[in-house]
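Data first, discussion second: the structure below is written as structure tokens.
In order of appearance the chains are A, B, C and D, and numbering begins at 1 in each one.
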Amino acid sequence: MQGIIEKVTELLDNGTVDRVLAWKAGEFSYDRTPAVFDKESGLYGLVYDSFCVNNLSKYLIEESKKDGKVLVLMKPCDSYGLNMLIKEHRVDREKIYVLGVPCKCKVSVDKIKATGLTGILDIVEEGNDIKVTTVYGDTTLDRKDVLCDKCMVCKDKVVVVYDEKIESDETAGIEKLDRMAEVEALEAMTPDERFNFWRSQLSKCIRCNACRNVCPICSCTKCVFDNDNTGISSKANVDSFEENMFHIVRAYHVAGRCTDCGECSRVCPQNIPLHLLNRKFIKEMNELYGTYQAGTDAEAKDPLTAFTKEDAEPSVIYNR
Amino acid sequence: MSSVNNEREEILRMSGVDPTKCMKCGKCSGTCPAFDAMEYHPHQFVSMVNKGNIEPLKQSNAIWQCLSCFACMERCPRDVKPAKLIEAVRLTVIREQGMNHLESENVPCMLDPELPQQAIVSAFRKYSK
Amino acid sequence: MQVNESSKEFKPCIVAFCCNWCSYAGADLAGSNRLSYPADVKIIRVPCSCRVNPLFILRAFQRGADGVILCGCHPGDCHYTTGNYYARRRMTMLFSMLDYLGIEKERTRVEWVSAAEGAKFAATMNDFISTVQSLGENRKLRDLRCKE
Amino acid sequence: MHKIGVFVCWCGSNIAATVDVKAVAEAASKEPCVVYATDYQYMCSESGQNLIIDAIKEHNLTGVVICSCSPRMHETTFRKAAQKAGLNPYMVEIANIREQCSWIHKDMAEATAKAIVLARAAIAKVQLNKPLIAGESEVTKRCLVIGGGIAGIQTALDVAEAGFPVDIVEKKPTIGGKMAQLDKTFPTLDCAACILTPRMVEAGAHENITLHTYSEVEEVSGFVGNFTVKIRKKARKVKMDLCTGCGLCTEKCPMKKQPNEFNMGLDKRGAIYIPFAQAVPKVPVIDVEACLKFKTGKCGICSKVCTAGAIDYEQQDEIIEQKYGAIVLATGFDQIKPTKFGELGYSQYPDVVTSLEYERLMNAAGPTKGHLLRPSDGKPPKEIVFVQCVGSRGQSCRDKSYCSKVCCMYTAKHAILTKDHYPDTNIHVFYIDERTPGKNFDEFYRRAVEQYGVDYIKGQVGKVYEENGKLMVQGSDLLANEQITLAADMVVLAAAIEPDKTARSLGTMLTASMDTNDFFTEAHAKLRPVESPTAGVFLSGMCQGPKDIPETVSQAGAAAVKVIGLLTKDKLLGNPCVAHSDEMLCNGCSQCARVCPYGAITYVDKEFRVPGPKRVETRRVAVVNEAVCQGCGACTVTCPSTAMDLKGFSNRQIMSEVDAICK
């Protein structure tokens, strides 16, 4: 953290960058919200710790349109999203200074609350302990037990695109879960069970568009669902079909491009496991077209804009 | 008939060879240094296993005469790997006999500085299951 | 069972997307040869199988289609050289997703039918219809407002 | 508000016998926007068309739906009729109620109901149709042929004869290509030079043909009818206009130590050289890598002996720019050097040669003046072993997966020619399959066996090694189930052929697609074999796939006909059903360009006003080149924001059809 502040200060002072996109402390001590700092505002409030969950890459679309150069703190898993934005020309790489920062998996405040704690006043991280102060007293939780779901299946701890990076050998010391286990569990169900599962999940959707807005890939100038000329525009789910439609189309549009950053599920106020849709596509493409991780680089063709003459026929699906 | 087929499938599974890839050019047999000592030659292994005609191969001396030098594999333009097939037939025989003729712990005392490395590896291939 | 009895009577609504160069011509050939298949199939002409957006298929189901089939040139024969290769991947992914959501996967299909394969076109349609008939009416992915 | 007319055709009894046409017209008339609906016996007849024309005029129709036979049959007919009536031809939609309805259904009620649905779908679609105007582009009446071998020469001559100017770009100092290196040609055994050189001379002298030898294509832009090409004319250091081709300079050059490419390196040439006696143009070129003048600044003998004063050491590369309407790829092939086949000893033993080297050894103008002498000691070989399929038909990294096609025949040719000149030579041929599908081909091969007694051995060679001054060739004789070893004086390898190495970069420049072997892909394997998928680019000769001389020449002629057909047109009328990008929606993400098989999509940075006081924003947006786009629609599905849409088959149009059918 101190190293980061020093580096950022140095780059801001020597004029390499004009602004800094990072996180700042919010209303509560454990709230972290993306924020832009500049020379004028100073770095007051800039923070990087285990509560800085947000993927900052998407903010760069707007930030890189502005004059001057913006420094961004880039966690490993978010850097894949940045690579996709570079690949798709959604950001101006020239105007971005990427400072890679280490990540030892993020802590989920929701999970802390889910342990039953209420009246939380403060949460402090000390090594592997998460110390929670509540109006009822103090509790210490093991960090491993309250990590974000997406961190439990972390892809990698390597920042894939950066100008400079700060290393750390700290790890969360957890055993990673099988990323596809949840998808496989669903696949093992009967079609009717799956249908009921997804109906029960998707019917919760309130079309707040949080999943769309947080997604670094879902960055269309104008979304098809907001565009009256597409014939499928809709602002709210009128019936079950539209609930399905929105999420199928969204998953399809990011298929092959989704980096599996898990932000969609994290921000969903209705706790719909949206990442399971994206992951299904990832699993299927990996199995049928060879392993591919979107965002590893800014050049490779994604599976849906590529083909081989020997590709599987669509009938593989119904021959299963 | 079905057991013959099973044997064919088993040998193909063990060897990882797809005999249908063979274009019958004969380069394997043209290359083979043990050709004259083998009554069935590398290209015959490919076609006979493909046809399920495996018993004569199992009875043959050829499986023991093969040097497992892998020249046929190296040269095969279609990547068929005849040597792997021969080895798989040999292993089938060894497994049926249920015997290891060579234990690794007995090897050091048999070593002779003159012995080519390949012969040792080859001996392992032939005499242990 | 009531469902089984009525399945014979059940007239499914089938949308068939056919590429202009091969499959639409194949359908024409089926017609020229008087090879019949049920009238439940309605063909929409598209320039290439790669023109078919998954949206169209979802839309068809929304509006009450019971089955959707996409026909294109055989891989390697695409008029535009590569279109059906893209279509093949796209449809594989869409079908996989529909299956994952619990929609009967048999309601969707991709078949490669050349301009010379009139008989295959008719046979394919007959086969597809009987599959969809045995599944009955599509209820899972449908906007109930669209059909009275 | 549209005014739509619906015309239901009886097609005699073809439709009317199974479909109640009156009921269809009646039902159609109740559809929204339909102001006129009628039926008629034969809509495609002149009176039927007049009926349509009159109705368009009388009712001021803005859209027309014809319920008739397949659009593949009469869409053009009806579009033309609409145009006569002053309606945009793309405001016509066809409901196919014959092939896809009346002909396949027997029950009248069922067929009628389906016909009504099909009519409804067409009516729904036509309401979203927009008048389309096919783009026109000028055609530059000039053709570029890349490659000056027999393929390029033939195409150039045919196009030039039709009256169009043609430029040939050849990277070597002379045209002629591989055929010039051949001795005789199968199966007639006429001399390659005797039949080729007149063609070369003709091409060199033709008033419509410009030769750019020792030149390469540097850059290509534009599209069908309108290519702009930059050609680098490499400095020969010899002035073409002054040189008389006397050859004195090449004789006097002191640096005669360079491997002679034309003779496959089997003899030497000078630093200033003419590749071969019949070269066109017969102008020498200085190999600056080898020339003393360029290496040390001394010498200059060639300049001194040249009475014409043609030597110009200061000459620089020149870049010329030219516009073309059509481009023909005739980049040809090379024979692989079988150096990766260590077991065959090509790199090790001088008497193991490739067939092209053998060709030069047989040739009267070759390094041995036509006497068959082996390279190692210059003695005539008595035992020669030919090995076929070296590097062809394989799957390993050193092999080509395809059959090189010409080797069986030229090996038979070599065998026959050798036996003809030296009857006491013994010839053995190791073969896998003898492939002779061609006119008089098998007869030719049989002659080698029956008349000349060539020993054909079914099997492959495992290794070649030297013993007592002989090349020992160990291989299998599969029919005898034996391993045999032959003692040979020479071994000739029928090494695989491969496309010219420069083809790949040309392919990229021209967006002409290639297969995994770097052969150019044809627009359609069966129906458009001489066209590349990129409009205006044509294929001639080996660059498309292995072929022999007659095949090459016929393909070259076919390519020429396609070129002539294109250049004869003054203007190209595009297909207006092409992709179009809505720049307000485009994200500039490049996904569409990744799937476009034609390279029709480019991106530009464009300024847009955005909300806020005088703010502008630069965005990258896709632009479709309508002359290049063929309208497949691959891009439309890839575009997540539906900025990319296809005219004539728009998202909305197709969805309206879906809606109408599913109603």
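Everything below uses one rule, namely that a residue touches a chain if its C-beta (ideal position, glycine included) is under 8 Å from a C-beta of that chain, and two chains touch if they have at least 3 such contacts.
On a predicted model such as this, the values are computed, not experimentally measured, just so you know.
Enquirer: Which chain pair is joined by more contacting C-beta pairs, A-C or B-D?
Expert: Looking at B-D and A-C side by side, A-C shows more C-beta contacts.
Enquirer: Please report how many Å separate the Cα centroid of chain B from that of chain C, as a whole number.
Expert: 51
Enquirer: Can you compute the centre-to-centre distance for chain B and chain D, using the mean CA position of each chain? Integer Å is fine.
Expert: Each chain reduced to its C-alpha mean, chain B and chain D end up 46 Å apart.
Enquirer: Based only on mean CA positions, could you tell me how far chain A sits from chain C in angstrom?
Expert: Each chain reduced to its C-alpha mean, chain A and chain C end up 37 Å apart.
Enquirer: Residues of chain D that contact two or more other chains, please.
Expert: 595, 638, 651, 655
Enquirer: Pull out every residue in chain C that's touching 2 or more other chains.
Expert: Correct list: 54-55, 59, 76, 82, 86, 90.
Enquirer: Sort the chain contact graph into one of these: line, ring, star, complete or other.
Expert: Per interface graph, the chains form some other shape.
Enquirer: Which chains touch, pair by pair?
Expert: A-C, A-D, B-D, C-D
Enquirer: Applying the document's contact rule, which stretches of chain C touch chain D when the two form their complex?
Expert: Spelled out, the residues of chain C in touch with chain D are 13, 15, 20, 24-25, 27-32, 34-37, 39, 42-48, 50-56, 59-60, 63-65, 76-77, 79-83, 86, 90, 122, 146.
Enquirer: Which positions of chain A touch chain C when the two form their complex?
Expert: Residues in contact with chain C: 186-187, 191-199, 231-232, 238-239, 241-242, 244-245, 248-249, 251-252, 255, 277, 280-281, 284-285, 288-289, 303-309, 311-318.
Enquirer: In their shared complex, at which residues does chain D touch chain B?
Expert: Residue list for chain D touching chain B: 343, 389, 393-396, 399, 430, 432-433, 458-463, 474-478, 481, 483.
Enquirer: Spell out the residues on chain A that touch chain D in their complex, using ranges where they run on.
Expert: Listed in rising order, the residues of chain A that touch chain D are 65, 87-90, 219-224, 227, 229-232, 253-254, 301, 304-306.
Enquirer: Touching chain C in the complex: which residues of chain D?
Expert: On the chain D side, the touching residues are 70-72, 96, 98-101, 103-107, 110-111, 113-114, 117-118, 121, 513, 521, 523-525, 533, 577, 595, 597, 630-634, 636-638, 646, 649, 651, 654-655, 657-659, 661-663.
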